[in-house]
Amino acid sequence: MSIEEKQKQIIEDFELLDDWELKYEHIIELGKSLPQIEDKKKTESNLIEGCQSKVWLDSVLKENKLYFFADSDAIITKGIIALLIDVFNGQSPEDILNSEVYFINQIGLQEHLSPTRANGLLSMVKKIKMEAIKNATVN
Amino acid sequence: MSIEEKQKQIIEDFELLDDWELKYEHIIELGKSLPQIEDKKKTESNLIEGCQSKVWLDSVLKENKLYFFADSDAIITKGIIALLIDVFNGQSPEDILNSEVYFINQIGLQEHLSPTRANGLLSMVKKIKMEAIKNATVN
Amino acid sequence: MENKRRFSVREIREDFPSLRQLVYGKNLVYFDNGATSQKPQSVLDSINKFYSKDNANIHRGVHHLSQKATNEFEESRKTIARFLNASTHEEIIFTKGTTDGINLIAFSFGELLKEGDEVLITAMEHHSNIVPWQMLCERKKCSLKVLPINENGELLLEEIDQYISEKTKIFAFTHISNTLGTVNPIKELVQKAHQFGAVAVVDGAQSIQHKPIDVQDLNCDFYLFSGHKVYGPTGIGVLYGKEKWLEKMPPYQGGGDMIKKVTFQKTTYNELPFKFEAGTPHIAGGICLGKAIEYLSQFNFHDIEKHETMLTDYAQDLLYTFEDIVIYGESKHKTGVVSFNIEGIHPFDLGTLLDKQGIAVRTGHHCTQPLMDFYKIPGTVRCSFALYNTKEEIDFFISAMDKSIRMLK
Amino acid sequence: MENKRRFSVREIREDFPSLRQLVYGKNLVYFDNGATSQKPQSVLDSINKFYSKDNANIHRGVHHLSQKATNEFEESRKTIARFLNASTHEEIIFTKGTTDGINLIAFSFGELLKEGDEVLITAMEHHSNIVPWQMLCERKKCSLKVLPINENGELLLEEIDQYISEKTKIFAFTHISNTLGTVNPIKELVQKAHQFGAVAVVDGAQSIQHKPIDVQDLNCDFYLFSGHKVYGPTGIGVLYGKEKWLEKMPPYQGGGDMIKKVTFQKTTYNELPFKFEAGTPHIAGGICLGKAIEYLSQFNFHDIEKHETMLTDYAQDLLYTFEDIVIYGESKHKTGVVSFNIEGIHPFDLGTLLDKQGIAVRTGHHCTQPLMDFYKIPGTVRCSFALYNTKEEIDFFISAMDKSIRMLK
């Protein structure tokens, strides 16, 4: 599936969750089931420090496709990260760079994208793009 | 006449001047007719610096009565000074100290007493009282 | 005795238009008063009146509007002086807020410090009462000492003599901790400072709205607060300073209004309070802060304190019924704030789910990172109360807590 | 081309409630815009909306109100960045006003100066663009140079090489003189500064409301203005600075929001613009300054300039018909301001009588005492215009002048 299709899929999934409780229960569930990353991967350089919760992000390139590993100390942040990873995993650096992340707004989580620096989410999208740039130029 | 009577007199005089033009024409007239003080009396210590106009004030004590000489570079300020001097001239330091200047408000010139430091008037009333203190303690 | 307004929370809530709103379709429950308070209609009206009727620049104008604005600005200064019981209104300096005021002192009073001098603060200070002193100490080669606290969030007063000495020139401390709610014994702290010849700087950002302040009785050298936390506008605050210090201190900023005479060779400075108010001040802010203080002054402060302490105790008692709760700050002298965590739950997650239910609490380090390091936590969830909060709001908050925890566990 | 609002003064006046008032029973004629401008209804509405709907502290809160307020505050920063054509909104620092901004630069950029370095200003600067540099020069043992002017109130550009050199580290000048109305050739001045390796600081307090500003085209290093002079609230202003300088400069004030991490041992600072915004900012001011800029942006700036220059010329032409008039500032490049005296009449007297007729002009030294010393006068009467002033107001002013002079002579 392309990044576009993945986002559409998530938006459709969330349409079924028609109040905030169902939505957040789902996100919390996603957060809980996202594998934790190893402590040794929780390095300074993988850390995105928000004012409120910490996010670690790591990636590997396999056959010109990027795969992400991420974690957070807050479960809701982790749930949203799980969604992001789901969108970007297995995509090429070029496709990631050319993509626009719009699903977060459309599933009613825009509050997590505000410039309050309350969590590292915005910075995380940036970081994902940075990883893509890094790997695209190596290419 | 006492300070009290002088103030009443001025208030009565001004009641006849029933618009701002007549009032200010009268004040300007008073300003023009107040004798200028000699340049050598315009010393630093006699100077009350407002933000807008300068006021010089000097006094002499004769038989326990104070007499004031004052000047300003602005004619309206000088006119109001003339009124003030008229109220206080020939009064004892003690009476001056115990007096309250209320006529300025009552003749509709309160704008000249605001704390804008726009002219030296408020400081002048203070200075007159200071002169009175100085001479009352010598006594 | 003045005749004070009856303390009725129901009536008080009517005064605050912003409390009557829905957040995600739910009634707003505003428990973030430590960050900033809501504003009564009288303050809103005075802002609107200023800008639509009296707006003009002050101090230098002879025209009517300028004089009106100047009079109101200076009247407000007097209102504030009376509220704090300052000896003269010239001791009231308008600032941008508490942070600005502390920086002013750190820079200007700081000029009187010498290499090797010491500044003492406490372990529960807000960053605004830490960083300016660090910067001063770096600039002047002085050292910063920190009076520690115990687990309950109380100052270790019995150890203070290890931290204060003749070298201490400034002792800066908060009256009430914004994170823990601890009320410090500031009169005692002021005395301690004076005993060693230091000046006492009281950070009043969290006390002005909760307790009556009498700077002469406290005998503090400086007292600071922010307008926006005391039902007033943003961008304005007050620095009270004893005249004798303000006279000695060099100006902080240069510009219009703070000078007596400028030539390119030499500039002489204006008298107090103007020496410390360079440039066009926040005129609307200054005037309307006076209105906020007047709003507060309608009430008997005893009633406000009683109500807010009742809310604090009530919330705390109910929170203790949660399993795995940790409450930070368990001093007996505590008011206005309850800070806590549920073990195993990140404060951000709890804050997010409470928000979704219309409840505004603060989560995070509350600009007191050293305190977080002390408790070894990333942050807390903090409820902070104002005179318009109610027990019913706390009941709703507790049930929302219940739901949130169930979702997260 | 964007579709801009038609420039109709009659319609514009409807936007400003404070213009519709009586002073001493007479229609207000407000010619004191150089001191501060009146505010349009849209700005008043946004202030009211903020305090009654969105009021919350920003940047650190996860709750709805805090996020809403943060978004609006940061949106306003972007609006201002676009208005100035800054390369990024991180170059926009919110300050208390122009004075605060100049002090920030003098302190913080000033830290990069060394003994013997020089700061160059001009003879027509406002005290706010003199005193901070004097204080810096004293602190850092630098010297202050002053580029002189001619009788017309124009900079002696042909002599500039006597005043600027490789020693010059900062060249600070006003875009438009608040006392004379002279419009300086700032692009040329910026180039001159750069030619000698100095940074160019543009005091835009009197230009932001009169002329379109493009900081990238001007290539200035810093540009400053005050909200209250550009139809916005008091207590807020903007410092634009090139990112490369802002990154190099140490922070000015310490406190909340400007830090990344605080420990008692070491504090690391936040990124731009927050590094320079310690403490709770003037949230309402920041948001509503954005609204003021939006108000102004409705119009084609060319229309505003044309109207204001027309008013300036019209007033000046009529004033020249008075015997004994002296007009200060007779540059061909002049706008918005007419400063004058009638020989033998003190400006205070004239100002007082004009005020009694409902006309607000400014009298005095306009915070430019060195300029008064240059002309050997105690002060001037100054009319300063805004986009809502009219020819009819000037006609009325001229007849009031006539009456006042008759009364005083």
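Order as written gives the chain letters A, B, C and D; numbering starts at 1 within each chain.
The working rule: a contact is a pair of C-beta atoms (placed from the backbone, for glycine too) under 8 Å apart; a residue touches a chain by one contact, two chains touch by 3 or more.
Not measured: the values here are computed from a predicted model.
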When B-D is set beside A-D, which has more C-beta pairs in contact?
-> B-D
Using the average of all C-alpha atoms in each chain as its centre, how far is it in Å between subunit B and subunit D?
-> 38
Mean-CA-position distance for subunit C and subunit B (Å) = 45
Subunit A to subunit B, mean C-alpha position gap in Å, rounds to 77
Contacts with 2+ other chains: residues of subunit A | 51-52, 111, 118-119
Pull out every residue in subunit D that's touching 2 or more other chains.
-> 24, 60-62, 64, 66, 348, 351-352, 355, 363-364
Quick one: do these chains touch in a line, a ring, a star, all-to-all (complete), or other?
-> other
Using the contact rule from the top, write out all pairs of chains that touch.
-> A-C, A-D, B-C, B-D, C-D
Interface residues, subunit C side, partner subunit A - complex | 24, 345-349, 351-353, 355-356, 363-365, 378-379, 407-408
Residue ranges of subunit D in contact with subunit C within the complex = 17-18, 21, 23-24, 28, 30, 32, 35-36, 38-39, 43-44, 47-48, 51-53, 55-57, 60-66, 96-100, 102-103, 106, 126-128, 130-132, 134-135, 144, 146, 226, 228, 233-236, 251, 253-259, 261-264, 267, 278-285, 348, 351-352, 354-355, 359-364, 367, 369-370, 373
For the subunit D and subunit A complex, residues of the former touching the latter = 58-62, 64, 66-67, 70-71, 74, 260
Provide the residue numbers of subunit A that touch subunit D in the complex, in ascending order.
-> 49, 51-52, 111, 114-119
Subunit C-touching residues of subunit A, taken from the complex the two chains share = 20-21, 24-25, 28, 51-54, 73-77, 111, 118-119
